[in-house]
Structures are given as structure tokens and as C-alpha cells.
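A, B, C, D, E and F are the chain letters, set down in written order, and residue numbers restart from 1 in every chain.
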Amino acid sequence: MNRNELVSFLDDYLQVSAYPDKSSNGLQVEGKAEVERIAFAVDTTLKTIEGAVKGKADMMIVHHGMIWGGLNYITGIHYKRLKMLIENDLNLYVAHLPLDAHPEVGNNVGLLRLLDLEPKRPFGEYKSLSIGFYGEFEEPQPIEKVAQIIAEKLDTTVRTYEFGKRVIKTVGAISGAGAFALEEAYRKGIDLLITGEFGHADYLTALDLPQSVLVAGHYKTETLGVKALMKLIRERFGLDVFFIDEPTGL
Amino acid sequence: MNRNELVSFLDDYLQVSAYPDKSSNGLQVEGKAEVERIAFAVDTTLKTIEGAVKGKADMMIVHHGMIWGGLNYITGIHYKRLKMLIENDLNLYVAHLPLDAHPEVGNNVGLLRLLDLEPKRPFGEYKSLSIGFYGEFEEPQPIEKVAQIIAEKLDTTVRTYEFGKRVIKTVGAISGAGAFALEEAYRKGIDLLITGEFGHADYLTALDLPQSVLVAGHYKTETLGVKALMKLIRERFGLDVFFIDEPTGL
Amino acid sequence: MNRNELVSFLDDYLQVSAYPDKSSNGLQVEGKAEVERIAFAVDTTLKTIEGAVKGKADMMIVHHGMIWGGLNYITGIHYKRLKMLIENDLNLYVAHLPLDAHPEVGNNVGLLRLLDLEPKRPFGEYKSLSIGFYGEFEEPQPIEKVAQIIAEKLDTTVRTYEFGKRVIKTVGAISGAGAFALEEAYRKGIDLLITGEFGHADYLTALDLPQSVLVAGHYKTETLGVKALMKLIRERFGLDVFFIDEPTGL
Amino acid sequence: MNRNELVSFLDDYLQVSAYPDKSSNGLQVEGKAEVERIAFAVDTTLKTIEGAVKGKADMMIVHHGMIWGGLNYITGIHYKRLKMLIENDLNLYVAHLPLDAHPEVGNNVGLLRLLDLEPKRPFGEYKSLSIGFYGEFEEPQPIEKVAQIIAEKLDTTVRTYEFGKRVIKTVGAISGAGAFALEEAYRKGIDLLITGEFGHADYLTALDLPQSVLVAGHYKTETLGVKALMKLIRERFGLDVFFIDEPTGL
Amino acid sequence: MNRNELVSFLDDYLQVSAYPDKSSNGLQVEGKAEVERIAFAVDTTLKTIEGAVKGKADMMIVHHGMIWGGLNYITGIHYKRLKMLIENDLNLYVAHLPLDAHPEVGNNVGLLRLLDLEPKRPFGEYKSLSIGFYGEFEEPQPIEKVAQIIAEKLDTTVRTYEFGKRVIKTVGAISGAGAFALEEAYRKGIDLLITGEFGHADYLTALDLPQSVLVAGHYKTETLGVKALMKLIRERFGLDVFFIDEPTGL
Amino acid sequence: MNRNELVSFLDDYLQVSAYPDKSSNGLQVEGKAEVERIAFAVDTTLKTIEGAVKGKADMMIVHHGMIWGGLNYITGIHYKRLKMLIENDLNLYVAHLPLDAHPEVGNNVGLLRLLDLEPKRPFGEYKSLSIGFYGEFEEPQPIEKVAQIIAEKLDTTVRTYEFGKRVIKTVGAISGAGAFALEEAYRKGIDLLITGEFGHADYLTALDLPQSVLVAGHYKTETLGVKALMKLIRERFGLDVFFIDEPTGL
């Protein structure tokens, strides 16, 4: 398949132009003009690029690219990653916020669907855009139950911070580092915020609001989007696809 | 002791005016004019304020205050924290970057001294200021040995990411969220970066540099500065002091 | 009445979210959750807060709050005002530009109505929003006549600067410090600008345009909005209300 | 005298390049190349320009010029003023902040000298520069006495706001609109702030600090600098000089 | 004709308020109130102003005015130009980007029409606005043919840089310094970019894209808009008009 | 020779850290660690990179790199250039403003030396740094004579714009696009400005100042610095060096 046609489809489907470009969404690094085999990964590291090369991919589609805010020098890790991409003619396509927020293949609708919840309304305002969603159980669930389901389906351990509600009716989901949405969650009466990463300062905010939080891992919560997109690409275009799993444990 | 005299001493000793004021260093919230008893804590939360009140403190001295970048509304957690401070006439004195960077009582010289290292040179440029230090062992040490000492002395568990060197000669210390210094550490040939908090994106940078990292907890690494300052204040002014330990586990 | 319901009504009725937030419009300082008695005032000073406390108010609604551009330190006058508010559980609700510009209870429609004029069109562009209005007499009036009416109805002395027209057909109103609108007034053929405050630099502009101006006092011109809002709140919700009059003479 | 030589002297003597240029200090509008007769005024208005023309001046030296923050259009009052300047070959030299702050001919040392005070230390930080001074009486004076002297020597009426001290030892002076220095005055223990203009918002700050203030008129307090500079120019260069008095009463 | 009516017509017809105002579009310098005779020119220089004066014009309408980004000082060339304008009561009306982009009288539709092409779609994004157009030949033309037509019709020599296509189907036009549109031209498959000015850095971009370029002179390409507007003004209002030709050869 | 040592020498000698980094001075793209053979060129284009590869260079040292203001996407010409650099392990070292301004090997001292002039004083303020110099003939020279010498020594044709002086005593030099210094040249009494590139807008400024200008080509005027640096590197380190001449004619 022609690379530019695929890029046009992705730009369109993911509404790339609607998002601020600090993360350089879209075709971030050019490679070969024809694409038959695509590697999907959460991150762009030497290991994932190597995985793509070994798998004979023509393109990588990732959530986290290698340019944030513009490259001023192509040295050090930027050089090493770029050298491996370029010497192997690999295209690098990036979908960061567009893949968090997408209503069909996004990380956040993906998190809700692990709990059999449908997204009820957008949630999680980040730079004037809502990148998450929340949903509502028909019957309130104990927080332990929610934690158990997420842990099983993501095949990981999860932590809960039960500062607020312990019986959960509404659930908000923000994959990755979603603690910026703590105050919005509390204000909107969302009983539980599911997110990926949770630091010291976030803890202090959640504690005093108080807001209950379930932390399932930055990496794990962001595998959902790339995997859903992978399925769509395979089905729609009949291309070869594979997922490269390189968890950070964080 | 007169509150204003104590504040003048602290502002001077910690060189508060040399630091950018987004974290509102100095006397952040006014309280009673006479100060005899001071509570020290890492954070300003309802629990630590409550601890100060129960301990009959006249002032809290903390690393993390309650204002970051200016308060536009005094509602929600800001209201609750401020209400408890004001109703108890508690002064709140904040030393954020000044207490990371201080050459005598700072968190980062504190971390090095746990390893019996003297700070050799400033390190860790943050907004044009160096807020950390690095030191050098006379004899290189295995990373496990370093991890064991830190774990014991901070009474916590530590994680190591052995992406670079495993036998350590030079050690850089940046308490709290110090991953911004990963590339500087690698460039300067610092074998091990000790820091408090380490997220998914930091992992990817350290992995590809590659740079070895020891993670000892945001909270734990930032108890050193307030405790050292507490000792100084007691010895110099003969005031009553006590430490409020409210770890976040992060 | 529940405080949050009242705040929602006010935010909505005054279209608070349409205005830039440097003046922190809306519930600026939280207080008790139930509100039965409300004090209205132009300004937030120790005296007006004291007046609200003595009058046993649960909330103050003011034109000028106590936060402008974010509070970095809660010391000095900010501390004193906040302490009195918080220790008395007083809510502070602020409507600055929203109350200048409002088409029903605003200061500026209020000024026009003193002259039995209906607002004809918005006027007075300030940060891309029009915050005043102008109206038109059926019969042109001598400026002395207009001055006399304003002086009587606001119970104050007024000054006129008769640099332009002396017989007035169109009148623009910008309460408080409205001299920013001098050039717009001249360009739009508004015969008289009524405003509250007029400084040396404003005089020079009006003189050379030339533009006639009537100055009725910053304080006096801004009593109209809070009083109109007070009436509305009493009638609509049956709450106890009272006005605290603390003129500055300016 | 050659115009460029005079401009060089003034730029140097007043240290024009040390001040931010929003007020376009220095030779703001070019005119004839030879200068024998100079008009001094506080403001640049059609009347003062006319005064300069009638007095057959070759240059005007003023405190307030006609460009603030860059001219985008030369229409309206800018056109009228500029036309009169240019058609009469009048040079316009402006010294705004440089003439407030100057240690010999500045407005603020001038105000202190009316009270036979010597400037003790710079005061009044405005955009990182101190533009005023304060001085100290040997014997404390009642505020009425100070007011009486200022009123007599400036030949005007003054207002006092006796919110703080009524017996005055230290006096700070900021000509024109000097209320930005209220909090600094209070913090530094300056008993009385003398300034020119004082608005509604300034009143509220002074009231709650509390800080005593003497208001002597924006215009009147800024005649001192241009008159002192006039004397210097006459004595040093033997040029013809005259002062154009166009008070605004503000 | 009344000057203000003409200005209103022009502001409206050229949609002046839709363009960023760094070039101070609209009536840039005021002159006499009645306008019967108008000089048109590309630039505002002493020579073109002199030409307008000799031709007894009441107004100049130009593509390049004399204010860019605000005038801070009226000295040197700004003074000389302004003095000549003001002493001759000449109005100066400026239409910079509005005259590049206009769909009827714009420079860029003008360039396409030299080749008998109709504008097909806007092109040439500059500060979020499209200021050029592109068109399409029914039959592809050799680049030499296109160059010959442009050279003849503009009565000038042109240069071609045949880095890309040599047989031309689509032509984009950006008068003046239009090299900012090189990458957009290449991306949109525009075979030839016609522009006015082309520097060293532009050459390097065109070479490597590769993109063919025809350079016809900054001055020459910008005579089209003012001449078209001149024709419109004469026909619509019956005013006297004349064009002042002062080519720079660039 | 070790690449990092050479880079350290160059960074130091050219004072790279003293210049704003929009042009990413220093090692812009990493390549092989050992450097024995270095290609020098004015620009980074596919042709000059190809020249370096054919010449078996390990590093290119250029005046114009390939990154200006940060790369957001590595596609199009950026991809093509980078691919050729990376696949050939070529280091790219950039010295833009540092090589204009250098007092020994800089382009601008180079231009003066063509005329046997020594730099008298820095000149040409660009973003708060002086990047050029001016010198003075012992005997004034006719402008034609100056033009002839420059033309011969740079082996090119030059244009002169004799708007000001025609007999030249002082000469200022700003290689490349140096017209930003026209007003400074005029103000400082510099009789002739020598520069490389001169556009339509520059012409208008020079014409009205009036200022005489000699234009010798952007490319040609910027060959001097890289050639002087090439000589230094060969002599100091004994490395193989060669120059790639790819003139743009501009």
C-alpha cells in the first residue's frame, strides 16, 4: 500500500490536525514509500525499533514518538534512534493525544470497555481539549471488584488509593499520566479515576480532595489504543501487523 | 522569637530571592507574630497541618507549600488547607528549590552524605540554576552496595535501573522528581543518578542513553533537607521543633 | 439556600465564563455551605467584611474582589482580609467585568437609566469585549442638565470636562475607570462619555480629541450594579440582603 | 547649538538608555538641526505645542511625549500633534522615567527638597528600577505641617489620607501616579507616601495596609523635574529657555 | 469626495480588519478631508511622495506603507517621509496583505491572469491566512513559454530555477517575497511557483525539494494590485488617479 | 582525531555558547567518532553532502546547517539530507553567527581584509550581539575602486547602490543578509556597507537614508569564514580538509 495514502487515512481518522503539535503527531519520520507490514508499539526506543526491524516492518505506529517540542540537535539518543530508523527505511507514525482521545480506538474508551462501560461524556480537559471519558455502572461496584477486573484484563498489578468513595458508580479514565484531571473528577462527582501514572504531588491532591484513584501503569493503559488501531488497520487494509511488547513496569 | 526576624534569617540563609518564585518560597501564609514552636514537614496537607496544630506549633516549615503559580480561587482543597492554617494562627514557611540546592542543609548534599560523599560540583540545571550536586567514591562500588546503604539509611525500599554502569565511581543526586537531569548526568559521565521519582518517559530516556538510576522515593529523598534545617534552627535559636512524618510511599 | 446552587445561578446569569479571569470572577473565597443572608458591597476591604460580619451575612457579593492576577503570598492585607472572611465562614462572590457589562443589572445600563435612556448598542471595547453601552436622547440636552441629573440621582458631586460637545445627543457609559474608551467614543460620535475616574493622562487625551466627559466617581458609578443584583436576588430567591456603603470619595 | 550635541548631552546626563523604551525617551520627533530656544512643559498637547510655537522655540523638552508603546497609525490626536510639531520644525525631546528617577534634577528628589529633605535611599521599584527616593526628618512632623509646606511650595491644594501614621519621620516620594509603591512603602516603614495621583483602587490598598498618603497632583508633582532641567540647560549652555504652564488640575 | 467615505469603502472592499496589523493597513497617515486626486504606487519613499505632490494628489494608495510594527521614534527616514506627507496634506492609505490576497484586484490573481489562468484555489499560507492562489493550464506549457509571457507582460527580465518540473500544468502565484510557500507548493503538486524575490536560503530549499520557481521581481509583481485597484477607484467613483512608477529593479 | 575533542575545540574557539541557538550551532548531527578528513562548505544541501561523501569526509563543517528553530518532522528535504548524512556516518558541525562575528576567521573580518583594512570596531547589532566590523581607509577611495577589488578577490560580479557617499573612507561589513544594519551604518557615519544580499525593502531604506551599499552575493561573502576556518584546522591539527564550492549565484 502507498505510504502517503495510509498516512492520509490515519491523519483523517485520528483527526491529527485538531491537536496541538508539540508531540509531532502524524508521519514523524519518513521511510519507504510502500508499506505492507506494520509494527505497533507504545514507545519509540532502540528496543522497539529493533523489534520492528527484526519483524521486517515498513512502518512503526506508536503512541510516543521521538520528537517532543522540536529537535535542535540530532545527537545522543535522538541520533541513535533516528539512525536505526533511517538505515532500515522505517516510517514512524505517531498518535499521541489523538490516540488517547479517540472515541473508537482510543486508550480511554478502551479502559472503560474493560469494565463493560460505554463512554457517557468526554472528560479530562488538557490544553482546552477533552482527552478522556467517563462512564457509569448500572449497579455501584466495590472498588476492589473494579481493581480486580482491570488487573486481570491488563494482566498487571494495580494500586488503589481509596481517599474518596469505596463503592463506585461513575468511572473516569485517563491513560498514562492522568492526574491533571483529579480536580475535574472530584468536581464532576466521578467516584473513581483510573489512570496510569501517579506521583507524589498527585497523591497529595487526591488525598485532600478527597478523590479515589486506581493506578494501572502508564505502559499498560496505553497498550489499548495501539492494539485497537492495529486491529482496525489489519481489517480495513489487509496489511500485516504485529505488536511489540516492551513494558517498562511503570 | 519574633516571626519576622526568623523569616529574615531563613530568607537570607536559604537565598530565597535567588530562586524563581513559581513555588512562592518564603513566608507563604502569615500567622502569629511570635514563634516558639515549629513543625517541620515535607508537604502541606490537611494531615500535616493537623499534626502541626496538635503539636501546638506556631509555624510550619515545609518543602512543598500550597501555592504553585498563584492562587486564583480560594476554594476546594486550597480553602480547606488555608482555613485550618488561618484558624490556628499557623505561619507557613516554604523552601522548595532553595532547600534542594542548599550546600549545607539541602536535600541533595544530604543524599550524598548518606554515602559519605562530599559534594564535588553543582549539577542538575533547572531553569538556569543548578539544584543538585555530584560526588565521587575513592573506590568504585557495586550498584547493589550503594542501593543497600541508601535503603537502610532512608529506611525504605529502593529500585535500581542498571541501564548504564553497574560499578559506580561518580554519583549525582537530585531529590524528588530529578529525571530532568538524566541527559546531563550521562553527558558528564556520572555513573549513577540518585533521585526520588521516576516515570514511564524517564525510563525510556535512561534506557537509551544508557544511564543507571537509583530511585529512592520522592518523599523519602526530601525528608533530608527539612530535617537538617530543623536541627540548625533548634541549635541556633533554641526553639522547640518537631518533624511530622506523613510518607506517601511515592 | 444551598451555596452551590446560588453560585451556579449567578455564574450563569452573569455569564462569568465569558470573561477573562484576571479578576477571579465567581466564588472567589469559599465559606459556609448554606446561604440565607447576603451582604452586597462595591469593594472587599476590612471595613466591608466587618460590615458583612456585623450584619450576620453568609456571603458577600462584590464588584471588586481581593484577588487580581493570582495570589502568590497570603500575607499583609491579603492575609488580614482572608482571615476575617475565613474565620467568619463568609463566602465571597465576585462579579467584576460581568457586572459592568450586564444588559440588565450592569453598572453601565444603570448609568444610562439614570437619564431615562435605553442602551442602544454595546460600546467600550476592553480586551475584545464590549463592557459599556451608549444611548441617545430624543431631544439634545445641555451638558449642565445631564450633570445635574446624575449628581442628584447618585447623590454626589460630578465634574464635567467640556472639551467637545456641550449640547448632548448621544451618551456612552463606562463605570469606574472608563477613560480607555475615549478614542472609541470620539470615533463613534458619542457626544458625552460618562465615567467614574479620570486621571491626568486621560485629561490630555480628551482635551485633544476633543471629547466631552462627565466624571461621577469610581465608587458611585459602581454601586448601581451591585444594588440591581441585590434587588434581583431578593425578589427571585427571597433571601435577606443588605448593602454596605463605604464610599471612597473617588 | 547643534541639536545632535544637545541630544547626546541629554541622553547621557539622564541615562536614557538605562530605561525601558515604551515611553520612547530621547529625541522622539525630529525638527530643525540648530537649537537656540527651548520650551519646557510637562505634557505634549496641542496647547503646549502651540505655546512652544508662539514662544519661537526650536525644541520642546517634556516629561510626557506623544508616543507610548509605538504608533501604528498617524491619525486623530497623533496626527494633529505631529502636524503642528512638524510644520513648525519643532524637535520633541522626552524624558519620562529618566526624569522621575534622576538624582539631581528628578521629580522625586525635587519633592523631597521641598521639605528640605535629602534623598536617603532609592525607593519605588517599577519594572526592576527604583524611580523614587525617601528621606527622613530629624524631628518627626505632624502630617498637617507637611501638607501645608507642599501645598504652599507647589501652589496647589493637597489631600491627605491619614490611614497610617499622623506624625511623620520618613517620607517617600513618587511623582505622578505613584500608588504602585504603597506596599513597598508600608513594608519599609515609610510613614508618608507623597504622590501625584490616587485612584479608587489605590485608596482601598492604602486603607487596609494601613499607609498614610499625601496627594499633590499628577501635574504639579511633575513640574519639578522639567523646571530643574530647564535651569541646568540655561546655565550650562546659555540657551534661551521658558516654561509652558498648562495645569490639568489632576 | 469625503476622505472618510473613501476609507470606509476601501477598508470594507479589501477586508482590512481580517488581516494582522503589523503593516498598519488602512489609513496610515491622515491628510486633507476631501479627496479628488489619488496617486497609486507600490512603495512609500521620498521619491514616490514627491511624485504624488507634483501630481497634486490628495491621497496616496500604496502596497508598502511607512510603518511596520509601530513607530517608536519619528526621526531619520521616518521623519523625512512623514514631513513631506504632512506638509502636503497627503493622506496615506496602505493595503499590504489585503492587496496580495484580494480575489479581484489582488497581486496574485493578477499574476495568474497574465497567463490567462483563473484562480482555482487559495494557496500560500502566511500567519494562518492564504494570501495567494494557484491555477491550472488546460494544456501543459514549457517553462520557457511561461517565462516569456510573464517577462513580456510585466516588461521585465525574469529568472527561472528549473529544479523540479520543466513542463508546467499548475502554477502558484505569490507576489513579492513568496518563498515561504515553497514547501506548500511542492506538497500540493504545484509545478511552478511564480514569485517576486528569491534569496540564497530560498534557493537551497527549492533545490532540494525540488521545486521549479520563476522570479519576476518584487516590485514588478506588486504593481498589479495597485494598478487594478486604481482602475476600480476611477471607474467606481470617477476620481482622478495616476500611477507613480519607481522600480527598484529588485 | 577524536570527534569530541575537535568539537570541544571548535565550540570554544568559536564561542558557540555565546550565541542564541535558533540556528543550532555546534555538532548539529552526530556521525562517526573518529575524524580524519573534513569537508567545508557554505551550505548543507544534497549536493554538498554528496560532495563530502565523494571526498570521503568524516565531518562537514558549514555555515548554514539543516535545522533552524527545531525540527518537528523528519520528512521531505530534512529527511533526504539527514538520510544521506546518517547513512554515510558524516558529522555535521555548524557555525552560523559565530562564524560571521569571529574576530580572526569570521566572514566579516574576512571582507575587510580583502580591502587590506583592519577591523576598527564591532558593528552590526543583531539580537543584542555585534556580528560585523567596520574599518577605515587611510586615503578615501572612489566606490568603483572598492567594487573592483571586491569583485576580483571574490571572483564575482558586484552591484553598488550609490545613494549616499561615492568616495569612501569607512567601510562596514556584514556578510549574507546584512541589510538589518543599514540604519546603524548611516547613524555611525559608515560611508559604505558591504553585504551579500539586498532585497526590495532594503533598497527603499538605503535610498531614503541615504546609504551607499555594495552587494557581493550571499554565497560569496560567506565563503571567507569557512575557508579561513579550514586553513586553521589543517594547520593546527594536521587534518585533511577540502572545500566544496556550490555557489547559488545569490
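Keep this in mind: a contact is a pair of C-beta atoms (placed from the backbone, for glycine too) under 8 Å apart; a residue touches a chain by one contact, two chains touch by 3 or more.
Here the structure is a predicted model, which is why all the values come from computation and not from measurement.
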Steps in the shortest chain-to-chain touch route ending at subunit C and beginning at subunit B: 1
Most widely separated chain from subunit A, with each centre as the mean of CA atoms: D
Relative to subunit C, chain with the most remote C-alpha centre: F
Inter-centroid spacing, subunit E versus subunit D (mean Cα positions, whole Å): 46
Whole-Å separation of chain centres (CA-atom averages), subunit E against subunit F: 32
Multi-chain contact sites of subunit A, meaning residues that touch two or more partners: 76
Topology of the chain contact graph, where touching chains are joined (line, ring, star, complete, other): ring
Sequence of chains encountered when the ring is traversed from subunit C in the direction of subunit D: C, D, E, F, A, B
Subunit F residues within the subunit E interface of the complex: 43, 45-47, 64, 76-77, 80-81, 176-177, 183, 186-187, 196-201, 203-205, 207-209, 218-219, 248-250
List of subunit C residues in touch with subunit B within their complex: 21, 24, 26-30, 67, 69-76, 79, 82-83, 86-87
